[in-house]
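Following this message is one structure expressed as structure tokens.
Think of it as A, B, C and D in the order they're written, each chain with its own count starting at 1.
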Amino acid sequence: MKKVMNQPENIVDEMLEGMVQATPNRLRYLKGKGVLVRTDAPVDGKVGLVSGGGSGHEPAHGGFVGRGMLDAAVAGEVFTSPTPDRILEAIKAVDSGKGVLCIVKNYTGDVLNFDMAAELAAAEGIQVEQVVVNDDVAVEDSTHTTGRRGIAGTVFVHKIAGAKADQGASLEEVKRVAEKGIRRIRSMGVALTPCTLPEAGKPSFTLEEDEIEIGIGIHGEPGVERTKLLSASALTRTLADRIYDDLPYRAGDRVAVMVNGMGSTPLMELNVIHKEFITYLNEKQNQVVDSWVGEYMTSLDMAGFSLTLFQLDEELESLLAHPVDTMAVRFGK
Amino acid sequence: MKKVMNQPENIVDEMLEGMVQATPNRLRYLKGKGVLVRTDAPVDGKVGLVSGGGSGHEPAHGGFVGRGMLDAAVAGEVFTSPTPDRILEAIKAVDSGKGVLCIVKNYTGDVLNFDMAAELAAAEGIQVEQVVVNDDVAVEDSTHTTGRRGIAGTVFVHKIAGAKADQGASLEEVKRVAEKGIRRIRSMGVALTPCTLPEAGKPSFTLEEDEIEIGIGIHGEPGVERTKLLSASALTRTLADRIYDDLPYRAGDRVAVMVNGMGSTPLMELNVIHKEFITYLNEKQNQVVDSWVGEYMTSLDMAGFSLTLFQLDEELESLLAHPVDTMAVRFGK
Amino acid sequence: MKVVDVKNWFCRYAEVIQEKKSFLTELDSAIGDGDHGTNMARGWKEVQTQLKAFKGGLSECFLLVSRTLISHVGGASGPLYGTAFLRMSMVLKEKEHISVEDWKELLNAGCEGIGQRGGTSGGEKTMYDVWLAVTNEAQQETGDDERSLFSRLSEAARKKVEESKELKALKGRASYLGDRSIGHIDPGSESTALLFETLDQTMSQ
Amino acid sequence: MKVVDVKNWFCRYAEVIQEKKSFLTELDSAIGDGDHGTNMARGWKEVQTQLKAFKGGLSECFLLVSRTLISHVGGASGPLYGTAFLRMSMVLKEKEHISVEDWKELLNAGCEGIGQRGGTSGGEKTMYDVWLAVTNEAQQETGDDERSLFSRLSEAARKKVEESKELKALKGRASYLGDRSIGHIDPGSESTALLFETLDQTMSQ
């Protein structure tokens, strides 16, 4: 493992400092709290949007703070959910009186800490609602597990909820579109190599030179199956089948896709995979109206990628196209 | 080496297909020619801008095609300069009659092929000018070598020349700002790991578990020095000193910086480095008015990064801030 | 057991966690995300710092641990341990001394807190299983010898860690592994066993 | 030497390049960017395909090779080899046969093309050094025995490759290494030596 860092225990704080310095007009850093906030928060008459989780998934979540997406992102230690007091700081910083929606990925730690923060915020008279993203089809259903994990599809939820909030919708309405999105988003990932936590200093698991782990989580949690390395075409098909066979996709749907790099997979390969995914969806007679290809929700230095498929309707398609101005996603005006 | 691909010899073509499919409104693909062109090229009354080089540096160069930057990008095979006929296709596709500027990185192969293409274009009556970027301070001066290499700073040249052309300037003017930029841009890189070419299938060099190569080129060309891994702070200082001590920086300058990831270095680390670079420049009493942190000019799956420092003046600062709309860089309107 | 003993216990546990940091992280790497050691070490180091200046009573002492863990650990284990210590702190209100009898109620409260927070009633291969085993052991009527109580708690905890090694995880991150979690020690169960082993060791000195 | 012999030479060279592809790439990995084998193989494979249908004369044959290399090799070696074959094609205009005497002018033209294109006059550890050595050897007056000419050219090429191994590169990608390029064989020099060795072998069969 080689990482460019100073003291590993300071890496999250130093990273957040670096992010703010790159875009001081957009972001404010609540030092000591791991919170990045829009400089203009709380925005008058707008529902506040907060997300967050462990660090190591950059650009998630700080890269998505800005007009049309999040109002604040809370960073925990690497792969560790942030604590309730930090989440509470974020909630307080973005509440304009119209209430706050927290977008949480379905992990025990995140859910517990966000729950506690919501209780604390409620005690201070802030209206807080929460949605839990669980797009990872690699995980068996909740009768056998904690339920499906939230992975890269979460970024689409940030996008649509952020757009709705930007349009001045009520907390109830913003929550409704977030939940509609969640019902229509599915993802699955694969790892070619493990990742290494800065403090641990050694890989989280091992893979042979010709082995891959299908169904990996974004923290290097083991997947569903270990196989030999497949071609881009076969690998895309393997993940896409699993995603597609899960509800709710049908021929004729208009869809958005994401090909998300896990940290070390070059854009060259992500684009080859994108081509294969489009071919697959064309065969299924779906029209891909929006493609996000790049790094959105990473796992430190892991090589690999995830595919996300988002079934749109008119409302969702227009929310996805709504202008956005964050470090990692910027378009429209 | 694990790469997600099909036949290695098709990887460049498949990648370009994937890129176009992700953004069909912005890009057109001249199939069989490795050329990505703005859909609205040639733009009436505008100087055409062409750049390109070997593949494996994504998002360079196709990711920079669009309003305010390049009109076309020519992709060669991996790490291999494109051939003159492909470059000629690109020149022809973007010439509106106002002439075409080619932005070339200083490598023998690139220079030779672009030269031949320019001759061919001239023979067809197209006015073609060329600038050669050589920002890499790691390389000794041209008395001993082919001259300094063009690396990540090239992207700043695309940006300012693209802005100038977008404002309707003449070929002469666009060339002038490009050359002014080149005189004021310096870069240097470091590798933590080698990269692996898809067809070669094994790493281009080897580094021990605790070794880094300082002054690496973007094709894995060996650098100036091999040392033990340094802290983020020490490493940033090592590169920054070398850059700063080269002309033309002085206290009080307004500058733009780029922290460019080589392919496998997480955004987390790039942001830590950015923080260190800003600290360094503050000590030198420079004001950083623009920061580009991310992957702009990569080396396949290499881990490492490069720093770029750009000394601005009023004209350059406003060109850098001019609206741009490409896959990889998008802001303003 | 007095507040000074409790402070000793917590301070010693903070050291133990520091020593076992890599081991806990390794356990978590196998079936989780490899941060349990780092998480616990961060939280308990802060507890140690806070305790140095601490002058209050029993209940406040548990409350301080609860608050510190909640705001410094993060992940799943932060809220879980934090809730356990919070509930135990409630039980200790107005008390200056924890009797052998008191441990029944104290552990009951802590255990219930974890069960509620984690939504588990046992057998799902989490720290709750160990808390439950310890709590059950405390309910046994075997006199009022503090020393023997602690050694029984410690043994019950360790025994449960070994037993639940063979379970399939149904909660937390390890549940994603399905059958592949079998044969591995749950990191939170291990840190819980260390807590009660440390109690036993501290009090037998 | 007739056009059929030239075709044989080029076709056999295409095979040799295919065989030596990894070796050339390894040489280039050491002091360049690891693509010379792939570049040459791509270009000469195309030459092979094109030659199958080719029916023209000597000059056209060299021109075909030039055009194909220029548009299929890329990198530095594409324009360099392309220019050499272009210049040689010019010399061969109207000719139906290459005499021993013709080789002097032919190689001179090719060599000069590379020198101009690459901006080198030798001693800088590039393929030019080998072209120059071969060209100089051809100028020696040692009768009109084609067989012995080719074997001398082949030997001169190989000898120069070995000699220039000890040079420091001052042109092309290897120049970035400074002294570290010393002791390595230049990949373009190796592929040039292979070209003349193949000429010798093809013509002695």
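To be clear about the criterion, contacts are C-beta pairs under 8 Å (C-beta built on N, C-alpha and C of every residue); 3 or more make two chains touch, one makes a residue touch a chain.
The structure presented is a predicted model; accordingly, all values stated were derived computationally and were not measured.
K.L.:
If you check the contacts of chain C and chain D, which chains show up for both?
P.N.:
Correct list: empty, since no chain touches both.
K.L.:
Most remote chain relative to chain B, going by C-alpha centroids?
P.N.:
Following the centroid criterion, the farthest chain would be C.
K.L.:
With centres defined as the mean C-alpha position, give me the chain A-chain B separation in Å.
P.N.:
Each chain reduced to its C-alpha mean, chain A and chain B end up 29 Å apart.
K.L.:
In whole angstrom, what separates the CA-based centres of chain A and chain C?
P.N.:
32
K.L.:
List the centre-to-centre spacing of chain B and chain C in whole Å, with centres computed as mean CA coordinates.
P.N.:
That gives a centre separation of 54 Å.
K.L.:
Quick one: do these chains touch in a line, a ring, a star, all-to-all (complete), or other?
P.N.:
Shape of the chain contacts: a line, open at both ends.
K.L.:
Go through the chains and record each pair that touches.
P.N.:
Chain pairs that touch: A-B, A-C, B-D.
K.L.:
Going by the contact rule at the top, pick out the chain A residues touching chain C in the complex.
P.N.:
9, 54, 76-86, 107-109, 112-113, 115-116, 138-140, 144-146, 149, 197, 199-200, 204-205, 217, 219-222
K.L.:
What part of chain C is in contact with chain A in the complex they form?
P.N.:
These residues of chain C touch chain A: 25, 29, 31-35, 38-39, 42, 70-80, 117-118, 170-173, 175-178, 180.
K.L.:
Which positions of chain A touch chain B when the two form their complex?
P.N.:
Touching chain B: residues 2-6, 11, 14-19, 21-23, 55-56, 58-59, 63, 192-193, 209-210, 212, 229, 231-233, 235, 263-275, 278, 288, 291-293, 295, 298, 300-301, 303, 305, 330-331, 333 of chain A.
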